[in-house]
Amino acid sequence: MNRRLRRQNTVAIGVLRGMVGLLVALLVWILVTLLVAGWGELTRGGFYTGVPNIGGPGSGVGPQLFNTVYVLVLSMLIVLPIGLAGGIFFAEYAGTGRLANLLRRASETLATLPSIVVGLFGYAFFVQATHSHPSRLAAALSLSVINLPYVVRISEDALRALPPSLREGSLGLGATRWQTVYKVLLPAALPALITGAIIAAGRVFGEAAAILFTGSNFSLTAHSNYSLNPFDAGDTLAVNLYVFRIQAEPNVVTDARQYADGVAALLVVAVLLFNVGARLLGRVAVRRLQRTA
Amino acid sequence: MTDQGGGAIAPPAQGRSAAAVPGLRRRSRVIDRGARHVLLAGAGINVVLMALVVAFLLSRAWPTITDIGAKNFFASADWQPDAGIGFGVGAFGALAPILGSFLVVLLALLIAVPFALAVAVFVTDTNPGIGERYIRPAVEVFVGIPSVVYGYLGFITLLPLLRHIAPPGRGGAGILAAGVVLAIMIIPTVATISADGLNSVPRALREGSAALGATQWQTIRRVLLPAARPSILSGVVLGFARAMGEALAVALVIGDVNVIPDFGKEGLSALLEPFTTMTVAITDGVDKLAINPQGTAARYMLAVVLLVVTFISIILVRLVGGGRRRGRA
Amino acid sequence: MTTIERIEQPVALSPVPQPAHHLAGEDVPSAAQAAELKMSVHNLHCYYGDFMAVRNVSLEIPEGQITAIIGPSGCGKSTVLRTINRMNDLVPGFKATGSIMLDNEDILGPQADAIAMRRRVGMLFQRPNPFPTSIFDNVAYGLRIAGRMPRRQLAEIVERALERAALLDEVKDRLDRSALGLSGGQQQRLCLARALAVDPEVILMDEPCSALDPIATLRIEDLMRELAGTVTQIIVTHNMQQAARVSDATAFMLMGEGRAGELVEVGPTVELFRNPRDRRTEDYITGRFG
């Protein structure tokens, strides 16, 4: 009887490990497939500088790449200060009272909204209600709505991770709470905050649904031409991949598949870079924290 | 206690700020209070935004109730929201997309949950060393990949594969393809939350089980998984919510056809018939938002349904998640 | 004789033959070895990674008796106990050398089946650790993992185990309720019932009363005396008075060189406490340290 149980144990745990192995293999396969397929485009300089030219040779994602960074930066500029403010509030000023709980619940609820719902809201609020047209500004604002709860949470966590001796030292010298936050806590939490900002940026980097509704011009060939005007519409890389896939007929257009493979591969590379970057910075943050402690 | 700054008794900083410039002290207080208000505003924006989202979506969706009626919306499968552009008359029965969403997500959960639990148990109990070093980073990479990329990958690799077993003439897109793609996307969510739950089961329970002569698998199955059930259920509900809300990845592999597959006639191969979901139906109309008020209102209505699903999910997580707090002091 | 009575009367030597009173490392004349040994530990060394936590412990465990292991914190007594039922297998990096005999098998041997052994050697932990299920399911756990059993037979064994643990009367009408609703003392008796349900030959107890109040402690000690004779018990305790009250034989351990625990002296409890042979034992017993 004992042998049977042992065998069940070995088999069950073996199956478990096999399933995990399968997933790891799947991940590797995903990354390899995408990188290999898009390799040609990734290593072609014209890919990064050219403009979409479906049907002709040498399409590029220059404008989309630019738009991706543009919208990302714009969104971070909006969401980081607000999110940081909220995070500071939760970490340093709020108690566990009813108000704080309500605010927290709202934040958590906002975080669970599907991005397409936020996109539709973004259209209704940032585009329609202001009587304007889809723009990158509207897209950035929508991204901010999506990312705000996350930035609040990482700011709060970064501050809460600081040793209480920092706070006590500063308050003990007669500083106000705001002075403590501004002069002592924020600088000490900076590495963790930067790491969090990078992760937040990574999250919206691949976001497409919300931008589709608020900032896209739905066209394969019309593009924003590197404009700096936030009121211009424009597609980001992820949106472009979707728009492309839906609109282009692969049989009719020869370059289409190659182009899409390139965009997908570029997105994957960017994600890996974000990941590695955040991880490295995370280690710096931990080391800094250990020194202040 | 006044001190010119050179006194040996009082600490210099305190002496200076307490005595030197009363105006400076008052200004700090004002700034402090002002700061509190600003920060409160920062935190309060969450509530404001949440209210705005609900308000705007409801108001934009309302015409659907008044013009088309709830019964027509929920009970009819005749969905031609864009036929009304120009001179046609649209139909706004959303049964198919709603059904499609639930079917696809159900399939995704059926596939994802066993794998997610396997990963969770692997990381917490059977192979924690490898788990920490390799699996956690791998999960982070999984999570970071944009959803469009998953959809695209499904489009170029999964669909051709499914084409071999699909009914003739079908491209392979359908509920099965969408379920598989969504499953891969929600495994990290369910796995991470379940792993947290497993980690918080006290070590003493593992020891108690082992001391009674249980194998590791018996301990996992009979003690750990039941003890972590609140967390696991939370993870499943959150995975459900995430899958329900996924739009573009699904759109790329489901075929976007508003005909309910006939499971009675075709059995399981109906999973390979093209279908649709709520999110796909919404995404369809993205380029016609301004010119198709009725269709757009119907799509807002779908968004409201998604909103309700999200709220119910959050409530379920609170009910089911028990005492598991996310570590806030 | 209940524990309370034992405190008030001088303890008579147990009628069962006792192991010899000897210092660690001393050769024991086999003639003096009259007691039947249930378990014996030979030259046990325990390592956590490179760190030696226990050095060269050899110990005899007579059948049916209560053996106590005492000593100050950190002297390795818990490590020894947990090695006896191989609980330390769960700790990554742990290694044990030497042999531990259960009847005629070396449970540290390469062919040894730790899982089967744990059904013969049960354990009670420092803090009660009932599973978050019903009282019935807790006690039935050990039986269920051993194989299928008809419900009626299961219920009989569960009831009997609860009776032996002096808990049945208190819980017999709420067997389906959660075990977590019991008090600390009750939970520990539940864990005892859980261990008894599989009819173990040996029960190991790792400071089982340290989280309990004095009344609950005395009840556990009473139960130990009742079980003596049928079950061999080894108890680790930092409470000397408890060892003196409850055990038939006592082993004294101390942290030695390099922070590795060693056995100093072992013998019948009464003799060890009256006439300790090692200076260090005497110091510990009289409270000069520890």
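As written, the chains take the letters A, B and C, and residue 1 is the first residue of each chain.
Assume a residue touches a chain if its C-beta (ideal position, glycine included) is under 8 Å from a C-beta of that chain, and two chains touch if they have at least 3 such contacts.
Everything numeric here is computed off the predicted structure, so don't read it as measured data.
Counting C-beta pairs in contact, the pair that comes out ahead of the other among A-B and B-C is A-B.
Averaging C-alpha coordinates per chain and comparing to chain C, the farthest chain turns out to be A.
For the pair chain A and chain C, the distance between C-alpha centroids works out to 56 Å.
A straight line joining the Cα centres of chain A and chain B is 15 Å long. Chain B and chain C, compared by their mean Cα positions, are separated by 51 Å.
Shared interface positions of chain A, i.e. residues touching 2 or more other chains, are given as 5-6.
Along chain B, residues 215, 218 each make contact with two or more other chains.
Among the residues of chain C, those touching two or more other chains are numbered 115-116, 145-146.
Those residues of chain B that touch chain C in the shared complex are 129, 202, 204-215, 218, 222-223, 226-227. Touching chain A in their complex are the following residues of chain C: 113, 115-116, 145-147. Residues 11, 13-14, 17-18, 28-29, 31-32, 35-36, 38-47, 49-50, 52-53, 56-57, 60, 114-115, 118-119, 121-122, 126-127, 134-135, 137-138, 140-142, 144-149, 151-153, 155-157, 184, 187, 215-218, 221, 238, 241-242, 244-248, 251-252, 279, 282-283, 286-287, 289, 299-300, 303, 306-307, 310-311, 313-314, 328-329 of chain B are the ones touching chain A in the complex. Interface of chain C with chain B (complex): residues 85, 87, 90, 92, 115-119, 122-123, 125, 127, 129-133, 141-142, 144-146, 191, 194-195, 198. Within the complex formed with chain B, the chain A residues making contact are 5-6, 8-9, 12-13, 15-17, 19-20, 22-24, 26-27, 30-31, 33-34, 37, 81-86, 88-90, 92-94, 102-104, 106-110, 112-118, 120-121, 123-125, 129, 145, 148-149, 152, 156, 160, 173-179, 181, 202-203, 205-209, 212-213, 216, 218, 238-239, 241-242, 245-246, 257, 260-261, 264, 267-268, 271-272, 274-275, 279.
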